[in-house]
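Below you'll find the structure I mean.
Labels run A, B, C and D following the written order; every chain starts at residue 1.
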Amino acid sequence: MRTDPWKSVTAVLAAFLIAACGGGDAGGEAEGEGEGEDTAAAQVDPATVGTISGVVNFAGTPPAPTAIDMSEEAACASAYPDGAMSQEVLVQNGRLGSVFVRLTGVSGAPAAAGNVTLDQENCRYDPHVLGVQTNQPLVITNSDDLLHNINTTPTENRGFNISQPRAGMESTQRFQFPEVMIPVRCDVHGWMHAYIGVVEHPYFATSGADGTFTIANVPAGDYTIEAWHEEYGTMTANVSVTAQGTAEVAFDYSADMAGAHVPLGEPLVIRHGEHGIEVERSTRTAGAGR
Amino acid sequence: MAHAQAAIMDRPPERGLDVYTQKVGMWVFLCSEVMFFAGLIGSYIVLRFGASDTWAAPGEVLNVPVTAVNTFILICSSVTMVKAFAAAEADDQKGIKRYLLLTTLLGAMFLGVQAFEYTELVLHGEWQGSHGFTPAAGLYGATFFTMTGFHGFHVFLGVVCLAWATIQAYRGRWGKDHHHGIEVLGLYWHFVDLVWIILFTIVYLI
Amino acid sequence: MATIVAEATGQAILHEEHGQSFLRKYIFSTDHKVIAIQFLFTTLFFLMIGGLLAMLMRYQIAWPDRTLPGGGILPETMVSSGYILPEFYNSLVTMHGSIMVFFAIMPMLVGVYANYLIPLQIGARDMAFPRLNMISFWLMVPAGLMTLASFFVIGGAAAAGWTLYAPLSGRPDLSGVHLGQQLWLMSLVVLGLSSILGSVNYITTVINMRAPGMTWFRMPLTVWALFITAILALLAMPVLSAAGIMLLFDQTIGTSFFLPEAGGQPLLWQHLFWFFGHPEVYILILPAMGFTSEIIAAGSRKPIFGYKAMVWAIVAIAFLGFIVWGHHMFQSGMNPTLGLSFTISTLLIAVPSAIKTFNWMGTMWRGNLQLHTPMLFAIGFVAMFAIGGLSGIFMASTPVDIYIHDTYFIVAHIHYVLFGGSLFALFGAIYYWYPKMFGRMMNETLGKVHFWLTLVFFNLVFFPMHGLGMVGMMRRIYDATGYQHLQGIEDTNQLITWAAFGLYASGFLFAFNFFWSLWKGRKAEANPWSATTLEWQTPSPPKHGNWKEIPVVYHGPHEFSHPDVTDKDWLAQNERPDVTSPAHTGPAPQPE
Amino acid sequence: MPVDWSLPPNLSTQGVPIDTLFWIILILTGIAFVLVEAGIVWFMIKYRGREGRRAHYTHGSTRVEIIWTAIPALVLAALGVYSGTVWANIKSDRSFPDDALTLRVVAKQFEWNITYPGADGELDTGDDFTVRNQLHLPANEPVVVRLEAEDVIHSFFVPELRVKQDAVPGMTIPVWFEATGTGDFEIACAELCGLGHYRMRASVTIHDPADFQSWHASQASGS
């Protein structure tokens, strides 16, 4: 993500205003971008906020990753000398990666600062699981010089299905409503999947390859924190954040949770008077169509 | 030369049909309407044969008695329409007003009942587990609402025109030599009536 | 409905019509001639837009790896970092077809010339329902605006091809097109209403408002063609409207007529669409045949060869046109046995087309050919339509269709019929009736240059497409270079594109001639082509109401070079053979 | 510029009658084409307007009309019958070979998923395996493809095999063909199916039967 002075300035201003109204802090952690955080952190009144640092443990033996046949896209295949492998379940010495965690039931959150980037490189989405705040610009870029299409199928937001036939193409999208998670797929390369979590506040993160995550600048208080994984479903934990303190939280996933129901966006419900008519628009579970 | 004579041969003047233009126009227009409903009904038949198991038995979802009454109302309105035209030909001003007004009201009544039917179905209808019977309720709901809905729309247009004709009647527009409007409107009204009888049969009864 | 009821007879309107405000006279006019001219300008505009889309397509096909010059002015959703995006290309394909068919060719054939010629050629003062006529024009305008607007909404314009095959057209998540598709359908429904109202008007007028002596078999072939066309539109358009509305519901209110997930049938859409679509093809060609017959007879100074055969051929084509739709669906998964029966009916329909071609040649045979621009375009029509008709035989033969279906062979065929056919005839018609419409002649030299450029470039564009089809190049592909069986056709594609640019450019030559002549063209007398039909027996342009008094018709439409008529080589329909005027320019126009 | 406007080499049994029919029609239409166009040009020159010339006055001739109605009618009828028989031999139910290798091809935006029967040679028996965008075929053996589509309409087009058939969601459409030679080709999607349509292709490899068996065996065990 190239630095954009204007974005920093907006972030600063936003942060200042919010601090003035005694709100929390601006920015928070945005995937694949350090800039937003630094500028934001610089503005935080450290007296009021703390940090959440957590790990996602994984018990049992993870399923062996399956090989992906990229032979039809030589350019991509060449990037994986010893064969491309599926990346649904990333376990590294007992820690689970690509888990999306977020605080629930937060009110009065600061506006988003900076962009989130979703890149397509060597026929893969980078990152594979990412979070974005409502109305925060999501910049989709293509590093491959071949056709990818980006097909999002949300239930709460308006989806889009666009293509980027060449390297260097860029498209900026926004999601209006919170939705965890929005599936993203490339119909040209059946193996390409990603998940976007849209949250109305900046307090979310994705566990890295080492299975750890950090949510900084969280206003002191008690929270419920929810974790989401595309194969093993969701779990929640409680965490109380103290000013200038670091709250520890751990999630324990295990191999036998495989096939758990994985929520993706709520079904749409139209209400008529006292009688609710449920128009189930999404019966997907993660991994469908793979 | 024989050719030539044949070509030049004079013929008696011809001035088209012995029917006034508006009436011809309405007949032509109705042909197009026939094709419109033929399109809808044809699709209905194809879809229903394609997936008959997704159709409810008559009366399972739809309230046949109420609609039967409604059908009767519409047929009555056709009768009053005929009487209105007769009255116009007989130059019976009171009759014209009475029967046009009556036809308008009957038409409006039909629409009222249909509106009631729709709301009932949408709110309390039960079909294949889904709570409430909407256009989204499978092919059955889709075809039902589309076909009856478009017929309802035609009735609505008819009622608007009838209201207009009634007002004209009170202004004394219609009479012995001024009943083309009523006749043409009548043609349309009878057509709408006919379509309903077909729809009622295939959508409600079969 | 209310309109028809409220409609007094044509005449009644006329008398109250004299001397009104500019607005009533030129914008909301009920005079069929003014409405025709309104249609003419509107459709010429859409013709230009449709052509522009085609140019963008051709550029992409010829140079898929080049950025579009000046593409920067287009939004990111159409052209990204200089390259046309596949989704925009699909929109181009779709909208080029839709605009050309529904907003250029069809309204130009029917809206313009049915409106202008029917009353004038049958000797009526106006349409049966002038106000309805005005409405049908003013319905087309919002439809057109919706179509143009759809390019600029989120998700872009419709991108499922002009045939709109479901489910692609019904599933925004699969096509990426949301509002654009819905706008397309809405505008189609409105346009359908417009052309249905128009047809009601034309049919009624022909049935009921012919001048004394204008019997059915004395009607000019143009009127016959337009009359039958109106019947086709009357019966085919509503089916499309019904289908379009169902598809619209599938997108908006969650029905599933054409979506298989809930039992809907994708093939049902194709059947409905082509039940409309094939008559539509004849809606697009019959009037052109009518104009051609008219122009060729006048240009050859001969009665049309086999007038009745021509009439019955039109009727036969119209009738058969309703039972051949399945030949668009041989490879669609439709029952193969049906395919067989559709082959037969399709081959049958080729016969009347052949008859017409031979009759046109028969009309030219031993004629005294006046090769003016309209005549050149009419002859061009015969020549190009013949190619289009012949290439159709390949598709009619089902086994061959297996291979050429959905290839550029089809693209070539449809353009030989719709461009080489309809559009050539339309150019001819514009040059031919321009003096009647505007009282001035179009420039003849420019006209001839326009014809020869169009003819050459047209064939350079579309003839090679037969070859591309044989090689196996599929329709509607954004970039052919990736396929091994499509290697080595780049040169052909670039040649086609260059020729296409030339074709489009020669269109502007025509536009210049058209507008320049409006002011600078030579003043036209009442009957510049020494033609026999009634419209030429009244001043150019005709006054409101067309005639001082309604003409009386004594004989058929094309009495040229009649042996009994010695002082000139033509006899107007309202002239008795013995009463011929001295001047070669025909009878003095009725005093005004 | 090496312009090559010819049908690609034919590698299927049913391609033979198709190509024959194509060339027959090309000759017939070619003749008609030359007659019409030459006639038009000739008339334009011979009968071009000159001063004092008067056109020959005639309203036509029934005899001629009948002749030029009958001739095309007969030719077209013959063509129709011929086409009909060829069509039936390719498409009718009875034309399908019994002992054919049966595959399932499922088209979806924008890929072809080909399912092969396992060792037992039967589909839907659990030992099937699916390969993405790779169609492997034995030469000189009839093959039946069961075409399905997941999302929208696609069209299964292999130019060299003279095969084209739409794949329609909600339907299973069988197609059969028999390759007469080996080589590497492509499946192309011939029906506009969305923004990746132009890119929806898969490789087709026609082996001679022995190689096909070994390929099949290796895949079957691999899955």
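The working rule: a residue touches a chain if its C-beta (ideal position, glycine included) is under 8 Å from a C-beta of that chain, and two chains touch if they have at least 3 such contacts.
What you are looking at is a predicted structure, and each value in this text was computed from that prediction instead of being measured.
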{"item": "Between the pairs A-C and B-C, the one where more C-beta pairs touch", "value": "B-C"}
{"item": "Chain at maximum distance from subunit C, centres defined as averaged CA atoms", "value": "A"}
{"item": "Rounded Å distance between subunit A and subunit D, as computed from the means of their C-alpha atoms", "value": "47"}
{"item": "Whole-Å gap between the CA centroids of subunit A and subunit C", "value": "54"}
{"item": "Separation of subunit B from subunit C, taking each centre as the mean of its C-alpha atoms, in whole Å", "value": "33"}
{"item": "Multi-chain contact residues (two or more partners), subunit C", "value": "85-87, 174-176, 254, 264-265, 303, 478-479, 562-563"}
{"item": "Sites on subunit A at which at least two other chains make contact", "value": "147, 161-163, 279"}
{"item": "Per-residue overlap in subunit B, given as positions that touch at least 2 other chains", "value": "4, 7, 134, 136"}
{"item": "Touching residues (chain side subunit C, partner subunit B) in the complex", "value": "1-2, 4-7, 9-10, 128-129, 132, 196, 199-201, 203-204, 207-210, 212-215, 218, 234-239, 241-243, 245-246, 249, 253-257, 262-265, 268, 271-272, 303, 552, 554-556, 559, 562-564, 576-577"}
{"item": "Residues on subunit B engaged by subunit C in the complex (per definition of touch)", "value": "1, 4, 7-17, 19-22, 24-26, 28-29, 31-33, 35-40, 42-43, 46-47, 50-51, 54, 134-136, 138-139, 141-143, 145-146, 150, 157-158, 160-161, 164-165, 181, 184-185, 188"}
{"item": "For the subunit D and subunit A complex, residues of the former touching the latter", "value": "108-111, 132-133, 194-196, 199, 202-203"}
{"item": "For the subunit C and subunit A complex, residues of the former touching the latter", "value": "76-77, 80-81, 83, 85-87, 154-155, 172-176, 178, 254, 478-479"}
{"item": "Residues on subunit D engaged by subunit C in the complex (per definition of touch)", "value": "1-8, 14, 17-18, 21-22, 25-26, 28-29, 32-33, 36-37, 39-40, 43-44, 47-50, 53-61, 64-65, 68-69, 72-73, 76-77, 79-80, 83-84, 86-88, 90-92, 109, 151-153, 155, 157, 159-160, 162-171, 173, 184-186, 188-199, 201"}
